[in-house]
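The structures considered in this document are given below.
Paired with subunit B in one complex and with subunit C in the other, subunit A is shared by the two complexes that follow.
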Partner chain A sequence: MRTLIAITLALALSTALVRAQTPDTKTVDTDVRFVAYDVFIDAGADALAAYQIEISDLSGRAKIVGVEGGETTAFDAPPYYDPKALNGEGRIILGAFTTEEDGPTGRTRVARLHMQIEGEPAVDFDVQLVVAADSNARDIDANVTLIEGKQ
Partner chain B sequence: MRRIPKYAWVLAPLFAIPVLAISAILYTLACSSPYALRSSAPAGAGYYADAETAEQNYEDWDAEDYYASADAPASKSPFPIVNNELKLTPGAPSGVGAPLQRDVRARRSEVARGGRGRRGFISGQDDLRQKLAAYPGALPSQDEELWVIQKADADDSAGGRRGKGPCSGALLCKLPEQEETIPVPLEHTDVDASISAYIACVNVTQKFSNPYDQKIEAVYVFPLPQNAAVNEFLMTIGDRKIRGIIRDREEAKKIYDAAKRQGHVASLLTQERPNIFTQKVANIEPGKKIDINIKYFHTLAYDDGWYEFVFPMVVGPRYNPPGSTDGIGAVAVGARGKSGQSTEVEYLAPHQRSGHDVSLAVTIDAGVTVKQTKSVNHVAETRMDDQNRTIVKLSDRDSIPNKDFVLRYKVADDQINSALLTHRDATGGYFTLMIYPPETLRSLQRQPVELIFVLDCSGSMGGKPIEQAKSAIERGLKSLQPNDTFQIIQFSNNASQLGDAPVIASNENVRRGLKYLKSLKGEGGTQMIEGIKAALDFPHDEERLRFVCFMTDGYIGNETEILGAIHDKLDASRIFSFGVGSSPNRYLMNRMAKLGAGAVAYLSLNDSGASVMDGFFERISHPAMTDLKIDWGGMAVRDVFPERLPDLFVGRPVILSGRFDGQVPSRIRVSGAAGPQDRQIVINTSNAAGEHAGLAAVWARTKIADLVDRATWDIDRDISGDIRQLALNYNLMSQFTAFVAVDSLSRTAGTQGTTVRVPVAVPDGVRYETTVTE
Partner chain C sequence: MDPKRRQRMTRRPDPDDSSRLTADLHRLYEPRGGIPDSARDEIRHQARTGLSDLSRSRRWGGLALVATAAAIIFGVQLVLQQMADSTNRRSARETTAPTPILAQREDIDGNGRIDILDAFALARRVDAASPLNPAWDINADGRIDRKDVDAVAQTAVQLNGGA
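Here is the complex of A and B:
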């Protein structure tokens, strides 16, 4: 049930693209950039009703600066985060639920993280799905992935 | 054997988030799982803009009338553009404030070293007071402890008020061409409050838009209740909602600035004072709309059968002593930097108007019958819904945000009881306990008093406010008994007084006092520190109880210095603060009364000063129930605020907030003494216990307030780290934390845009000419 996925994201290309869109290069910081990451949960045939994930920045250069909801109505509200874990230990713990009877099945974007990244190299995130459950309170097998978001 | 589902414990840490809505899923899942946790408070997502409607509204709006072209000469621009390059003017040279500050600091150090102790107000409290004086936090320091003498009466005249509203003929006295409409990037504020027991949960949605033809950053300085526990922040862009993150204040500002420079839409909420906040929204493109939703909890005040809900709508113009630079400056539209203060509010001139308006609804789900409601300053409509809840809605005809919204409601007398509220989550148990004083206290009479009236005669008090304050003092003088003594002190640029020491309240002396009172006028600055020194430096008459009554709007920027001076000089005095006007500085008023172990009252522009003063005399006409002790019946409590149990006065309940372990007992017993008699209050928790998800936030906010109070006198201790960590752990706004939200997905075109500050109207009844720097 618990899935551990370590994702290393190559950001050089995206950084270059973002910079190309930058209208005023004189005022742009070179030390930080802002990047969105989409959180996908694949619950297979089960309907996802609740989840909790934990994300750690292994490189220590990422700061979360916003949390957005997902793509389905079941999870379109921004998930809640644990402030104590975030500010005490630097872990991002997110959780959300839906009261809808028919949660999403298959691979679904359940959240989007807005991050501030220091420096150019790619950032290593350790992403864990702590729990996923269906509307009957049963644990379900699922996996989580974190992918850089596109506009 | 079936194992406990993982989410039941894995999700648990998230319950620490005060408004964590995961409780709803647990509730849902509970239907099928015997192991699922239960909670009762699904979090509301708040109000969001109806994007489609908003877009339509925008389309209907004739932008050409208001837009200032980037190419147009600045002088023709009708809106308050402030160039980003503008800097605050350097701080004024040190004036009288500096030596005063040194004096106060010296006194604080003296106290910190174990200097002068305190003497009690109630007989028998002296020893306790002296011990407590050297113990930080022992003094009253919690909002809920505050004894409110009297609230402003409801404006049942609504007619009078309506006379100033948009539907009356009042505006016809001004020709349309004389009105200047100032387009502002804040279109509307929507307030949706729900009250359960004595705790309010408030969702505030600020609807920003860009009516100009270039990208802007909107900056809005606004008030919230001084005990608001702000723990949720959402930014809505179209149909996308981004939850803001609590961060260290400086870190949040850096994130926001970087995002702004790089063209990302971003927002930042900072706290300038416990009741004043600044909202910034960066990179709003022309024609675009962005909503900011803020959610907070707070406890309600209660006084003689009336609960009170207040939503402040405008920051009053503050007076900042010469030399100060960290105050709240009041400047005219476009005059940014002229006050020399780090935070400035831009005020619309009397002939200027903005389109910003407010809608407000309060849902009262008291669990008991609401007998009566009163809206003090606004026209409001009240109705019952099909769930027997009382809904109070601000009238569309009274939607200009230039005065506090004050709602009072009364429940049936026989339904007022001491009440315990609890909440448990993964971080432990939280409670609030409201203790009502026994009615039998009313049968006991008071002892002689020494009454010091301190009247604010500064410019902001000019006109009706000072007249009201004077009428209250007049009533007070006439209410004295022959064995009482009194004194009158006025302060503006400096302080002066009727005589060197309190005089006996003979007919002749009262006549002298009335004549002196009549000669006082509102003009000049607000050197309140001078008034405090003058009032508290009198030698105390041991035979009488000393009450110091401050009559002021509290429009000052150096609150910390004022509160520190009160702490240092209080001695045996009790301070009663009377907030005058439509939008007084409630934070200062309440804190003064708390530090002064006294009470607060508010005189709105529609109140009778005599009536408010009568309320004060009524309260001091009976002794308090003192030396309170609580038998918690096995409930292991800790971190209870206020640390020192306050006295219980007639009609004034006390609210305690704390944490607990173990089970809630069937009974809690409160014992104490009223004069020579012992008294006991038994709280049957089976009848008076409830659950409220906001208690963790309320407790954390109360503890922060306690720490801030300590900072006013415990200057040797650095409490900033304690406050910061507490606020971060509980997702709370504080002076050391801030909410930031960034949309990293996209970037806007062009430079970071022009900063536009949202100008506001001066509070109803306050004169622009004497309070705003042009």
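Here is the complex of A and C:
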């Protein structure tokens, strides 16, 4: 009986030690805020007719909660995205195109993301331009940026 | 029956006979020379010490057993934890890595991958009423229209596929 108790205690102790060694990835942080991030694409002199970008949260503290369109009529509708991205995936692929109008040139806000962020203010994102094209579906050189905007 | 024999059988035990028998037995079995008190004390002392040592060694043995069991359990849990972490990392990498999609109907421009330009290409052809490949009826409703464009675009932005 005594040995059984001792083994049970040892088991509990070793479990506690393992848990203490494992970093807790579910740290509860009550500091939650909502931030809007504007997605800009700078197509230079070319007219932007289609784009696809991928945004990943590297900090693991941002959750995408909403997607809006951009500022120009060509991209004012919300872009295509996978609804699963709003389930805390920390990653989203956005895509949009226009066939009706001449695409915008220069730097244009093409979308806005609403995010729920936990913890410290600094959040690190990886933003990749998958493709950008003009109205003839030709690839164009473009830069994509993600800038914290107003909620 | 013989009267003498009957007398022997019915005779009550004499107390004097019992004490004599006891004395005789003592004489018979008493150790010769006897054991000195000092030797008796020493034997008792050594017996007590020996029992104490035995009890202590048993206690330490039990502790060593528990410590060994704890160490083994701890080691096994650590190994299992590392295996789980490794699996999670591998799973995360596999989820993040883009999956090449080849020769699918959504690859409208036929460049071997599905991205927003496939939807763009199909949309331009639908708008321009250009000849359309029946294979582009993505949603299989018998018509090639904007819904098929949306289906291609939706495939392009899927998190577990697309570009």
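Everything that follows uses one rule, which is that the second predicted complex is superposed on the first by the 110 of 151 C-alpha atoms of A that agree within 3 Å, B and C clash if a C-alpha of one lies under 4 Å from a C-alpha of the other, contacts with A are read in each partner's own complex, and residues count from 1 in each chain.
Here, contacts are C-beta pairs under 8 Å (C-beta built on N, C-alpha and C of every residue); 3 or more make two chains touch, one makes a residue touch a chain.
Predicted model only: the values in this text are computed from it and were never measured.
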{"item": "Touched partner set for A:A50, first subunit B, second subunit C, both or neither", "value": "both"}
{"item": "First, second, both or neither for A:H114, with subunit B first and subunit C second", "value": "first"}
{"item": "First (subunit B), second (subunit C), both or neither touched by A:R91", "value": "second"}
{"item": "Residues of subunit A touched, compared between subunit B and subunit C (which is higher)", "value": "B"}
{"item": "First (subunit B), second (subunit C), both or neither touched by A:P78", "value": "first"}
{"item": "Which superposed partner A:V35 touches (first subunit B, second subunit C, both, neither)", "value": "first"}
{"item": "Partner chain in contact with A:V65 - subunit B first, subunit C second, else both or neither", "value": "first"}
{"item": "Touching both subunit C and subunit B, counted on subunit A across the two superposed complexes", "value": "18, 21-22, 49-50, 52, 79-82, 84-85, 93, 95-97, 99, 130-131, 133, 137"}
{"item": "Of all residues in subunit C, those that touch subunit A in their complex", "value": "62, 65-67, 69-70, 73-74, 77-78, 81, 96, 109, 115-117, 119-121, 123-124, 127, 150, 153-154, 156-159, 162-163"}
{"item": "Of subunit B, residues touching subunit A in the complex", "value": "5-7, 10-11, 13-14, 16-17, 19-22, 24-26, 28-30, 32-33, 35-36, 45, 234-235, 240-247, 251, 255, 258-259, 261-264, 266, 427, 725, 728-731, 740-747, 749-752"}
{"item": "Interface residues, subunit A side, partner subunit C - complex", "value": "2-3, 6-7, 9-11, 13-15, 17-18, 21-22, 49-52, 54, 56, 79-82, 84-85, 89, 91-97, 99, 130-131, 133, 137"}
{"item": "Touch list for subunit A against partner subunit B, complex", "value": "1, 18, 21-24, 27-29, 32-36, 49-50, 52, 63-69, 76-88, 93, 95-99, 112, 114-116, 130-131, 133, 135-139, 149, 151"}
